[in-house]
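In order of appearance the chains are A, B, C and D, and numbering begins at 1 in each one.
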């Protein structure tokens, strides 16, 4: 059976998410939040949690809703369409799913609080060289006499570090390329220092410095020396959701471009009648549709426990490039008008730059696909 | 959401594979559109008749017309397996396009008469739609059909007639209503090649295949060779093109991709296996992406059919992607293989000269209308932009 | 065939460099189009007046109007050096566009009156051509100018007015012939901002700069502020756009390329200098190619001018290349630098945040008409294809 | 002074070449020659030589005309436009210029015969891995007791080997990447075996096998161990001429595409009125103009003895890619019609595939440019 449609419950979830965000987080609110102190709305986040979305994919035993990746997928379509800023991807997906699968009983105690929106855990992965993957990790975790570790170094592009209660930190514990270990670190701990990073998207991203941060032995998540492997399943899942967010935003961008092309007149006719503009709009439609097809396939394969490395990597490569191409073509449709901050298009354009690189750019994923072939 | 074949579908796939194992020696795999070797052609016709004898040419047709009444996904599975083996299935203008026209607009009698013969490939049909002045704009065709007693007199010129030199019948679109224009007044005929007034001049093509100009000089065609209704030609053609079986275009690319990947694993350059070259890896990734794009476009068609949903984007998006991908895909294959990829089959040719052949074939991406025209359909019918 | 600067030209280049060494501290280099810092703006205006005091704003103008009468290549050399230093030259709507209009169609009296002031940047002029409904299709502008006694009454709305908040004059195109359409009946004015009826609302842009809506509500403008002839506006604008000085667009790209190249030589990734990454090398090669393409397009303009040849391809080819290259060039810069390229200036930002700024600025490639419109000009005027 | 125009003599040379090839080698003749036994016309070659073109860039003292690279450049524009098959690039440029600069007095004796068209020397560079450059050379030249060398191996894509009197062979004489030596080898020599290589372009290309071919010491051209360096100046010059050939052909392709777009009607109007077709034609014009500008600059810098590695490499990268893009876009204009062998476009299409790779594809030249930056 080949059926690429969402099931009834997913359709309902998508509809209710669209309705919810349309009223709770219209683009005017997105604009306000970008310039607000926190960069997101704790209030909205709590409401999302109340709808079970903060723990959507966590086991019911951990306070979650036991949803599938495809369930999350439809939620992310709407998060993307509405450009909702929230700590969901880092906290509810990467961190929570990793802890649910590999955390100690003590570490898992925070899961119900994540699901209720009361606690935020931010993953800290990237560093100064800007590369994605275990090999790029240089933050040192040296063994201490007390049987724990001491962290020294810095993590970059850490989302929502300013409101995180805990940080999920990938650190180097050996010279082999993949000798990394994952740690759960209280954000308030002595030696942890946070600094905002202004960025294209206006997204809450931070540098987190670790200056001789002492960790006890129970801070290790999963097996020591297997940090990347411990994280990998959740990162894979999160990367598919990153695709979904791009697809949802792409739908909004395509609709905007078509509306503008129908309405804007130049040379005595709607510009949408010009073949050049028709090409621009159809370029967006093509990228959008292909991104959607590939990402849905990847989500489904992950849910089914089928082999998925190739399909997942290709879905990411497609979406990462599409994120840029779609907004570029839309700007060609809008021309000078799209360059004005008053036009909503630019909100998508700036966010797309973050998405393009988040959880691996196209180059990384093409490599990963060929590795798995 | 699921992408899964049922046990019945898997056993059907196995049945197809078993057939190919028995009937298609690997050395007889070739691209039937671009090979004019007579012996290969004979093999291909015999092979196709064997497929017809199994009922598989009309796999999706209703059983009353010699079909097996199977769902589109079975046709797609068969198409995947045939493409993986590069099975030389010839005569698709008959069992594909002509049958599609009949199924779209033929009377019961016409279907009962023609379809069983087409399904066995008892009739070998060539395409007589395009004209020198009517390519992507097929509706501008000028060939006329004029009633004369019980017969029709057909007059005009057709072009690009693929397989004309092997065919016995010409599927002909002619303007049967004087002074009609565009989509109106077009009628379809099957014109026997041996009627007086039919002649051809050959047009070999860049791919290595043979097409033809076909001249129809006041050809007297009996009324029984009209198919569909008088004046109903345009609808038949459109529905035959757009409503035909689901073809596994992705498998065509997948086969090439696997050959190139194998080459990269087996060959080295500068003392390093080609597969370890960082640039080659990115290019392989791009090829793999294109295969996956095509696969998912095919699967979307199957899914839409299953869910009785109209195709997205006016049905034009996949066509545009396919047409625009083809040159790019095979250009990347050549870049990976390098300068020796320009060599035809021979001792020194990488991949036995296949990359060279694919390159030339890749210029054949205009049949059924250019990507530029399909982009217009996508933008207007698919996205609702003004015409 | 030669591409060589004469000793006089080399010493002129040195003179420009010496001036920049003296007047432009490296930390004051910035993109004046996209920075709204007041202190920087003041510096830029002072700096520009110093350039004007040397006579260099009107470098190519006839000496009788305060110009230095120098050939276009001297302007290009100056432009190369200014771009290499990212010199913040402001007010180009005045000494560039307005002066271009005057030189193209102003009377001797008008030239004598306005040009010397523009050349010293005594007047700060903003652009009032585009309207909400008239962008690439400038000829559809609707702002009207109606004679009323010795004055004109101007009424309408202008948009995208760059530098409006700093300007004292608005270079305004208005339809002075009632019921005229397209290219006819357009007249140019310099409208003082302090006249009753002139107002603005700000429009910040993605690049970080400030543009404006400008409203002209029955503004009474003395006849002396009309420039050129009544109804001669379109010709002036076109000749100002196309016949302006030769600008060294390549140096803008070259400066960025050098910064990225330096970064690649100084940074490492995965224990290897970035410059040794095979993919990065290909991308650097592509950037270098684009710089060279732009350079040669500039030099071709100089060469055509020297040889009194009309520009090739209707003058549109270089414009199209420039507009289409800009997004691609800076996207590649970002790909080279990687995820940290999205960071604005700060401790962790590669290249001090420049890559991030270039990215946003790269969406500003529509001024003077979109590439889509310039492609039409290229195809019809340049290649002779039918309209 | 910036002046990108050819000088008067070059304009005259170009005009006479265009007139000459239009009458002596129209496209109908090009079609015949492709299927002729030799693949070119010795008669036409002799006539070209009689016009001083076979020795155009050789010193007058060697029977040449002492022309510059820009003089050759205008000739190659017309060779490209008319698709003239001739051994000029291999024999009169790569081989002759190398011998004129680095050959022994004995080796230089053949130069006047090259200039008169009586003798053909073919360079044998490429091998089975298909890479361009010294590193890819594996053909072994082992020292013999007699003080000479013995060649064992094969060269591929050797142009005009079937009519060559001599072969200029680059062989490996040491393990270091660039330890190659250049040899002048009689084509008739025992152990030299030639085999035709069918190719897209229908161009006379050959495999040349060397089976224990004994060479005396005087077969070495230039310094032993410096084969690539000996060849490099002539290869550089030849690569600029390869650009010129592409530019000349591109001019013809653009003219064809424009003519067809004006004349062919679909949907009730000339297809050239459709913006999509206008884009295709303008794509060709852009690639053509940029290729022309960059190649002219490179030729001039070489002639002037100025540093030129970057400019030359970029001109080659541009032209190599443009060769493919221009014919692809032209095929989109011609659609099905262009796929028929009866349409002249395909002659250019097939030759463009050879040109794209000849003397280094874009990848090679981008590398070379960055090397030199």
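Methods note: a contact is a pair of C-beta atoms (placed from the backbone, for glycine too) under 8 Å apart; a residue touches a chain by one contact, two chains touch by 3 or more.
This is a predicted model, so every value here is computed, not measured.
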From chain A, the most remote chain by mean C-alpha position: D
C-D against A-D, pair bridged by the larger set of C-beta contacts: C-D
Distance between chain centroids, defined by C-alpha means - chain A, chain D (Å): 52
Centre-to-centre distance between chain D and chain C (centres being mean Cα positions), rounded to whole Å: 42
Between chain B and chain D, centroid-to-centroid distance (C-alpha), Å: 39
For chain A, residues that touch 2 or more chains besides their own: 274-277, 279, 363
Touching two or more other chains - residues of chain C: 279, 282, 372, 375
Partner chain A, residues of chain D touching it in the complex: 274-276, 279
Chain D to chain C touching residues, read off their complex: 1-7, 10, 70, 254, 258, 261-262, 269-270, 272-273, 275, 277-279, 281-282, 285-286, 289-290, 293-294, 296-297, 299-301, 310-311, 313-314, 317-318, 363, 365-367, 369-370, 373
Chain B residues within the chain D interface of the complex: 130, 133-137, 140, 160, 203-207, 211, 267-270, 279, 327, 331, 334-335, 337-348, 350, 356, 359-360, 363-364, 366-367, 370-372, 375
In the complex with chain A, residue positions of chain B that touch it: 1-6, 73, 261, 275, 281-282, 284-286, 288-289, 292-293, 296-297, 299-300, 302-303, 306-307, 309, 312-313, 317, 320-321, 372, 375-376, 378-380, 382-387
Residues of chain C that touch chain B when the two form their complex: 277-279, 282
